Each structure stands twice: as C-alpha cells, then as structure tokens.
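Each of the two complexes below includes chain A, the first together with chain B, the second together with chain C.
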Partner chain A sequence: MIEIKSLSKGFDKKKYVLENLNCKIDDAHIYGLVGANGAGKSTLLRLINSIYEADNGEVLIDGEPVYDNVKLKEQMVFVPDDLFFYPSYSLMDMASYYEALYPKFDMNYVINTANKLKLDLNAKIAEFSKGMKRQCALICALATNAKYMFFDETFDGLDPVMRKFFKSLLADSMEKNGTTIIMTSHNLRELEDICDNLGLLYKGNILFESDIDTLKTNMFKVQISLKDDFNKSTFKGLKILSYKKLGSIATIIIEDDQGKSKEYLENLKPIILDFLPLTLEEVFIYQMEALGYEFNEVI
Partner chain B sequence: MLINIDFGTRTPIYEQIVLEVERLVTKEVLKPGEQIPSIRELALTLSVNPNTIKKAYDILEAKNIIVSKSTKGTFITDNIKKAKNDKIDDLIKKINQDLKELESLGLSKEEIFKKLK
Partner chain C sequence: MNLMKLFNFNYLKENLKKSRGLLLFLLIILPVLNITSLALSLVNMKEPELLSFQDLSFITYLGTYIIPVILAFLLLGFVFKKKNVDFVLSKPISRTNIYLTNVVGGIGLIFLLIVLNAVIFGVFNLVSLLVIPFKLIIDYLIYWLISYIFVFAITVLAITIAGNFMSSLVVGLIITCLFPFFYLSNILLFNYNSYDSYITCSNCQIENYNCYGNEICLKHLNNNEYMFDFEEIPKGNFTVPLLFLNNDDMAYNHISLIKMVGLSIIYLILGYVIFLKRKMENNETSFKYEYMHYIVKGITLIPICFITYFLIKDDTITGYVLSILGIIIYSIIYDFITRKEIYKFGKSTFISLVIFGILMGVYSLVNNIPGAKILDINDIEYIVYEYQDHDIKITDKNLINSIILDNDKNISGVGLEIYANTKRYQAYTNISTANRDLLDEISESQLQKEQAEFDIKHFDYAEDLKVDHKLRKLIEDAYNDANFKNSSNETLIKVYDYKNHRYQELSIPKKINSELDNYVLQLRTKNALKYLKERNDLYLGVSTNFTELDKYVFDYVINSNIDSFIDYLENKNTKLTSNELIIYSYGSPSFNIPIGDATSFIKEFNKYKEKLQNDADYQELVNHYYELKEEDYVD
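Take a look at the complex of A and B:
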C-alpha cells in the first residue's frame, strides 16, 4: 500500500506546489490522477520516486519511507513525461541497463514484446519516433516486474492500437504480480476505462477522489417538471449538487443512489422526469462547483 | 466467449459484463456447465483492468450464474433456471413502468392491452 502523509513541496520559498497532501492507494489497484497543468501531478510522482525530496511529510510504501530506500526502489519503476535515453543506446542496451537495476527483470519479455511490435532491438532509440520511444520506455518498465509502477502521461503519445495493447500488458502485469499503478493523463475518458480510483489534484491537494463505478452511477442529471409550483426545497430529501430552474422545468444534479432518487422523484408525481447520464468531465465540473471552484480554471 | 464493451456509455464496465453474460446464459448461447474465460484471459482480450472483471465475476457468482472451481476454471452453473426467472422478473418490471407511463397519459389498462399486438 502507498501512503502519503501530509506531504508538502515547494520550489521557491513563497509558494507550495503540494501542500499537506494525504492519500492512500491500495495494492493491486490503478489510481488515476487528474488535474490542471501545474496542479502538481508530476511533482507528486517525482516525490514518490525520490527524484525530489519533500519539504514536509513523507511517502510510505508497505509502511516504509521511500526516500532513498534502495530496497524499495527495486520494487518501483517510473516512466516520466519527458523520457530520457542515453544518446547512443539501443532498446537492447536500455534493457540491459534496467536488468542491472532490477533483480526481477525479464529480458525475454523485452525481446518478445519488441518483436510483436516490430521494434528493432539494436537500432538507436534516439532515431525512433516519439511513439516508438514511449513503447521502448513502457516495455522496459513492464519488464522490471516491479510491484509499483508510475506513469506520467505515458499513453499520451501512443496511437489507439498501441494504447489498447499496453492496457492489456498492464492487465497482464496486475494479474501476474498484483501491480499497483499510479498514472496521470489529461484524457479523462481513457483513465475512466482502466482506473479503479480517480483523484483530482487542485492547487496542491487532492480535492476529491472516488472509485470509478460510483463516479459513473451515483451522479446524474435529472430534468423534472411538477404539476404544482416547486423550488429547490421540494427535493430536500436528496443530495443536490446543482439546481437550475428555467420556467417550469428544473435541471438538477444529484449525487445519490439512483434507485432511491428515482423512487423519491416518482413519488412527487412529475409530469416530466428524465435521467441523463453525466460524462466524467461533467462530474468533475459539478464536483468543483459544489466545492466552490470554477471549472474553467481547473481542467 | 465474445463480449463487446461499449466504452462510450455510462454503464460501468463490470455491469456491462454481468448483463452480457446473463443475456448469453438466458438465451443458452452459453450452455450450463460450459467453461468461460479466466479473469486474466478476459482482462487481456478486452484490455480492461482485471479488478473490473473480478467484480463482474463476483456478482455473477453471487447470482449463481457462474461457479469457479479453484484449479479448473470458471463455469456456467448447471442450473440456470434462476437466471431465467430473474430475467423474466426484470422484463415484467420494465413493462409495468411503461404501463404506468401510458396510464399517466390517460389511457386505461384495457385500452392499452387492446392496442398491444
């Protein structure tokens, strides 16, 4: 389990990028991290991987502090947003380098996967395209068989076929090793498909987190019209995130059990009652609104 | 076992898998006693988080539609009668909801039945 305890990090004295952040990530789960540019996603991943030292607080994995912990680092692999390869290295060289660092490294995995993807093992990585470089980095990371993997916008440079392929490889790794993964992306749709949990990072803290299925089902938009005049207090039995009434029709965002809400609303004998699903983007907008933030400055 | 996931809808992926297996079982495309893919196999084919498949399989097992025999794999149960009855109950419930809506438009039950083929 990854535990983050009152973690703070700043790059100049006045302002913290992360401030007093707390979070727990269960084993064998994929945790998706979303947030605006500069929200602190990459900083958080770099802190977890001891690339930065925290100003305050700590990150624990399996109960042990991670900072400069050699034993734990053998269990952790990080694919950053900006990849780095030694200038003259081939994928084979890169794999050998990783093999020296990770005791459970599987060289056959690299060879087999590279062959499947028709990646030349002995060509210079520097001459590869952006997407191919990403593929190399991902293959090496997955071949480490590390228990904890961290991906910073890793899928963003891959084409749809490759995305699907690497999602299957992630699934394989989770089944094989019970891998725990933290990944960031700006593609909410994609995170939604593979993550167990999502956390929204805003101004240095996790504002809101939830498991994906609850996000998908426990928040919805309702259009309703009643025979008699009504206002927001008519629906006080439900947890309402947003309420807008135009003429005789109200649009309400409800965060509650759908079955229960449906029963409640039907008892009001509505003339119109429509349940509309929300996209993940909308879920975040309304959550932010409910917390008093404007959407435009967030995602 | 062929399952198509619609990544565009708001129905959670695990729920789509449950519904699809139920459908295939009640239509006897998946026969009693037939083996279905392991969590790993299905996760890899669908490129879906294995935890999602596990959630779906747990629900299907609780509903007595599948059984997992520890080393041999996962199978459709021998008795799918209950799955069928549940499906019938679901459909009746849906029809009742539509009936209610038709009645709210001012039709009597007799009028509705007359219009039905």
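Take a look at the complex of A and C:
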C-alpha cells in the first residue's frame, strides 16, 4: 500500500506546490490522478519516486519510507511525461539499461511486445516518432515487472489503437502481478475506462477521491416528466446533486442507490423516465459543483 | 558494512556504455599523442636518449585540463538536465550509489588511462633508443594519477554545487584558481619592490656601509637595516593547474602531491554531502538562490577587476570609462551564459559595479602597502647555492652571515635562494673570493658525498650509449677504482641514475681506466659510422695535423670519395685514441670520429686528393682558397 502522509513540497519559500497532502492507495489498483496543469501531479510522482525530496511529510510503501530506498525502488518504475533516452540508444540498449537495474526485468517481454508493435529493436530511439518513443518507454517500464508503476501523462502521443493496446497491457500486468499503477492525466476521459480509483489534485492537495465503480453506480442522470406540475421538492426523498427543468422535462443528477431511486421515481407515475449513464467527466463536474467548486477551474 | 553495497557496477557499466564513443576517445587520445610524440622523437635518433619527467609529462599535463573535466561531466553531468534526472533518480539506485559509483568509476578510468600511458613508456624503453627508467615511469604514474584525480574531484564538486553546465565550469575555475590567484598576485604583482628590501642583523654590524646620502637608506641604517637585494618567490608546491610554477619546472613534487591528495579527499567528501542534499528541481538554472548567483559572479570579478585595476591605476579618465564599460559588458555576458538570459539588468549591473568599486579600493590599498621588506638575517634557515648545475644547501650560519654582510665583495651577481620564515627568496648579491672558494669547497664535498651514494650497480643510462654488459662492468670497475674519488680528470662519460625522483649524475673521469676509455671510444665511433653511412648531406671538418689548404678542401675531398673513406674508417682505423686527429660533423646531431694513426690517415687523404687533381671543381676550390689567402694578406 502506498501511503502519503502530510506531504509538502515547495519550489521557493513562498509557495508550496503540494501542501500537507494525505492519501492512501491500496495494492493492485489502478489509481488515476487528475488535475489541471500545475496542480502538482508530476511533482507528486517525482516525490514518490525519490527524484525530489519532500520539505515535510513522507511517502511510505508497505510501511517503509520510500525516499532513496533501493529495495523499494526495485519494485517501482516511473515513466515521466517528458521522456528521456540516451541519444544513441536503441530500444534494445534501453532495455539492457533497465535489465541491469531491475531484478525482475523480462527481456523477452520487450522483444515480443516490440515485435507485435513492429518497433525496430535496434533502431535509434532518437529517430522514432513521439508515439513510438512513448511505446518504448511503456514497454521497458512494463517489462520491469515492478509492483508499483507510475506513469505521468501516460498515453501522451499514442494514437487510440495504441492507447487501447497499452491499457490492456497495464490491466494484464495488474491482473498477473497484482501491480499497483498510478497514472496522471489532465484528461479524465483518458483514465475512466482503466482506473478503478480516481483522485483529483487541486492546488497541492487531493480535493476529491473515490473508486470509479461506486461513483458510476451511485451517481446517475435521470430525465423525468410527470403528469402534474412538479419541482425539486417533489423529489425530496432523493439525494439530488443537480436539478434542471426545461419545459415539462427535468434533468436530475442523483447520488444514491440506483434501485431504490428507480422505485421511488416509478411511484411518482412519470410520463417519461429515462436513466442515463454519466461520463466520468460529468460525475466530476457534479461532484465539484456539490463541493462548491467550478469544474473548469479545477480541471 | 559491506562496502560493495555502496557501488552499483551494473549502473556504472550502463553509465559508461551511454558515452562509450567519447570515453574511448578520452582513453586513447593521450596514448596516441604520446606514441606519436615519442615515435617522432625517434626519427633520426642514432644514440640512446634519456627522457626526463618533464619529457614524459608534457602531453599528459595538457590533458589535465580536458580529460578529467569531460569525464566528470560524462558521469555526473546528468544532474543538469531535468529529463535525465527523472530517468536516473527514479531507477533503483540510491543517491549514495550514484555518487560513489560514478566517482569510483571515474577514478578507475583515470587509473586505466595513466597506466596505459605508463605501459607505452615502458614499451618504448624496451624496444627503442629512448631510455625511460622504471622508477621514472612509476613517478609519472603516481604524479599524474593524483593530478588527474584532483581535477576530477574539483569538477565533481563544481557539478554538485552548480545548477547548469556553465555555472559548474565557473565554480570549477574558482575552486582551482582563486587561491593561487591571491597568492601569486600578492607575491608576483604587488611585490615588485625588491630594490627597497633590507636585511637586519641584531647581533652583528657591517662596517663601512655606505648609503651615499640616501635619506631612506640612512634611516634604515640607524635601525641596523641594510639594503639587500632580495624578493620573495612563490613556493614551488602548487597544485593543478600551476604545476609548471613548481620548483624545477614540473618535476615530481611531494608537497604538491600531498596537497592534491588532501584536497581531493575534501572535495569528494564535500561533493558527496552536497549531492545527497542537492535539490534536483533546481537544475538547469545557475543557482537556486539569486544571492548565490551574485556571490559567484562577484568572485569571478576578482581577477577581472585585477586587470581593470591596472587600467585605472594612473587615474586616467579613459581607464575608468573602459573599466566600467568592461564590467557592464562582463556582467551581461556572465548572466547570459550562466542563466541564459539578461538577468535583472539594472540590479545585476549595479551589484557588479559596487563589487568593482570595492575591489578597486582593496587593490589600491594592497598596492600602497609600504614597499620595504625587511628580513632578519637570524631568520635565515639556509641558503641554496648553485654549483655545477647542482643545488647545494648551505646551513652554516657563520658562512651565511659572512656571505651577506661581508664588505669585501668582489664577485658580483651571485644568485642565491634564501629560505627564511617558511618563505623562499631570490637574492642577488656580491660575494668575496674567499667566500666563493669556501662555497665551492662545500659544494665539491657535497657532490663527492652524492657521488659516493651513487648506485653504480643499477644506473639507468650512460651518456649517448647503449649500455651492454661489458660497458656496465667497466663503468662499475672504474667507479670502484681506488683513484676514482680523487680523480678530477676530463670526463669520459656521464652516467645517470633515477633516484629520489630526480636524476643523479656521475662523471667518470677519462683516465681512470684505459680499457673503459677505449671501449667508449669504440662504441661512439661505431655509432658515428652508422650515422655517417645514412647521411648524404655531410659537412665534415678535421681537427689538427693538416695544412690550412687541406683543412679548407677536406669536406670536398672526403665527399668525393665517401665510400672508400667510410671503408677506411671501418676497417683500417682500428687503433683508436681519443687525443689524436678527429673527424667531426657540423650541425645537429654532430659526431666525432677519432683517427688512431694520423700519419696513415694523412697518406690516405693525399691519395684521395691525387684522384681529384684534374677535377675542375676541386681546382676552383683550391684557387678560391689562394684568392682568399691573398686578400687576407693584402688586408
């Protein structure tokens, strides 16, 4: 388990990028970290991976402080948003580099995956396209078989087919090795179909976090029309996050048990009753609104 | 504690692999240059030649400024790039591992490089005419290994301190040069007042000392201080990059080495501590804190303002204007290079000008410190007198006092080195004949002592000759001859032994052993003949026993009969003696061939001449000789 305790980091004395951040991430989960540019996502990942040293607080993995802890770092791999490759290196060279440092590194995995993707193992990575470079970095990271994987702007530069492919590889890894994956993005849509937990980083702190299944099953959109005139108070038995009425049709965002809510609404004998799924983005929008934030400010 | 856990050889291997091309270049450049230089020196070399520490060191010394610096940047320079830092520090390797692995790896590569050069010198010693004693190679190895590691340690420290490449170069230069700059500028540039130096003697008095009415001199005289021409010279125990200022040029120097070892350890430990605490988020900018940027820039202004001081010293407006403009331009360029922007122009320039003003004041103050230097004669520990290229240490207090204070000085301009108060001074003084004789006597006795300590069994080199078993045995016998110590004959051969980090020299007298004399003569003649055969641009001379005309036409006559002449020298000139007729070549290298039987040689020469009687060029040469003779006569 990754445990972040009262973590603070500032790049100058006046301003903290992360301030007193607390968070727990269970093993064998894919945790998506979202937030606007400058929210502190990359800084948090760099702190977890011992690139930066925290001003205050600490990051623990399985109860041990992670900073400069080689034993733990053998179980951790980090792919930053700004990728780095040695200028003359091929994918094979990079894989050798990883192999030298990670005890569980699987060279066959690199070779097989590269072959599937038709990546030339011996060509210079510097001559690859942005997407191909990202593929190389992800392949090397996955081949480490690390227990904890950290990806910053994970799919940046990948086309939709590749995104899907790597999402399946990440899911496989989690399933096979019980890997815990933390991935960041400023784009919610990118994470919704792979993450099972999401945290929203805003101004140096986790503003909101939850598991996606709960979010999606307990929050839904309903379009309803009743025979008689109605207003918000008509639905006072439900936990309503948002209520909008246009003509005789109301659109309601409900955070509650879907079965119970359905039963409640059907008892009102509606003319129209449609249950619509929410995108993750919509879930966040309404949650933020409920917390008193403007979503566009946050992400 | 398992020390191996501090290093990660897999990481080192990969870190070296990424720069293998440049590393290979760094590893082979010195050996290639050394091989080239030694091979070139062998061209036209006909006799063995003894190489000195300086001969071996020149190319390696130049590499000091480049190779360890590049090496340190290759190994630890990743800290200057955020992307690279992300990549390296996220891997399962601790900061301690990263630092120690790279430092040990760097030192290992330096070791490999220097050993490679040492092996090359060893091979040249074995297979060529170059004589490079084993102990000299060991000295080379130790000296340059330490020097390279020292520069490497400085660069590593500079890298850990600074946030980008240019700033680390500046910091490296500051660490290397700032202290020597203070020391040297104080001694060499603010200390040029030797004509105003005085020596005092609290328990002695010079009689008849004349000040010729000079008031300052008289004032000093009242204090029992006497004008004495001396000036402090820097102690010759510098570190890189000033090794060339050491005593005896760049010779092996223990104190320099100890300093460099000590400082390297300090720098590496300091670098380690800073590296552990280094805030990686501040990479790519010169320093995290603005004030550090200004402090470092201020330090770099110290030598810059030193130059401007000499521009404004004479209070010229142009000097001031040029200096201020120069400082402003420097300030802008410095900011631009280290921070990649014209950084806070107004504030930055203002600070630079304030530092400029302060430094000008300090320099004026230092330069105006009263010029007279006073040395108490009682503080003199010893003086060094140069005798036959040997430094002779004189510790006899009475003799020292006498040399300095004696009025009866008729031998002028004798150079002495004075050691007093842990400082070293160069003095030029007149000395009396009696003192000179005494100094010579002490020196001679000192040389005799050195001679007695000479390791004759293991000497490295006999002048110009390849030492075979017979020669070694003859030289050893000559040295052990009872007459050797008292013999002061003309030198036959000098032999050298590399001991205590310098060559010890022994002169073998000519007449100590006739067998040795004859054998040396044979060997030299053999060398000379070998050389003679290969040359086609000979210009020969002959020493005595010839008429003026024969001396004049000698070269032409011999060259017209060169094959038979060489045949004569090889096969008929067997009874060699060193004091008979000598054939010698002009130019470099020159050689001598002694002619054992002058009468027979003159007969041979006359035969050659006869063959040329009808030669027009020969006749013209003879006529020209007579014309010259006539002109001389008329004049």
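As a convention for this text, the second predicted complex is superposed on the first by the 257 of 299 C-alpha atoms of A that agree within 3 Å, B and C clash if a C-alpha of one lies under 4 Å from a C-alpha of the other, contacts with A are read in each partner's own complex, and residues count from 1 in each chain.
Heads up, the rule we're going with is that a contact is a pair of C-beta atoms (placed from the backbone, for glycine too) under 8 Å apart; a residue touches a chain by one contact, two chains touch by 3 or more.
Here the structure is a predicted model, which means the values were calculated and not measured.
Taken together in the superposed arrangement on chain A, chain B and chain C fit without clashing. In the overlay built on the shared chain, the residue A:I212 is in contact with chain B alone; chain C does not reach it.
By the touch criterion defined above, A:Y97 lies against chain C but remains apart from chain B after alignment on the C-alpha atoms of chain A. When the two complexes are overlaid on their common chain A, residue A:A143 makes contact with neither chain B nor chain C. By the touch criterion defined above, A:A250 reaches neither chain B nor chain C.
With both structures placed on the common chain, the touch criterion links A:L7 to neither chain B nor chain C.
Between chain B and chain C, an angle of 150 degrees opens at the CA centre of chain A in the superposed model, to the nearest 10. Touch criterion met: A:M174 reaches chain B, while chain C stays clear of it.
Of the two partner chains placed by the overlay, only chain B lies in contact with A:I194; chain C stays clear of it.
No C-alpha atom of chain B lies closer than 26 Å to any C-alpha atom of chain C in the overlay. Under the contact criterion defined above, no residue of chain A touches both chain B in one complex and chain C in the other. Of all the residues in chain C, the ones that touch chain A in their complex are 8, 10-11, 13-14, 17-18, 21, 81-87, 89-97, 279-282.
Interface of chain A with chain B (complex): residues 28-30, 164-165, 167-168, 170-172, 174-175, 189, 193-196, 212-213, 216-217, 277-279.
Partner chain C is touched in their complex by these residues of chain A: 11, 46, 49-53, 68-70, 73-74, 76-78, 80, 82-84, 86, 88-89, 93, 96-97, 100-102. Listing the residues of chain B that touch chain A in their complex gives 7, 9-15, 39-40, 43-45, 47-52, 55.
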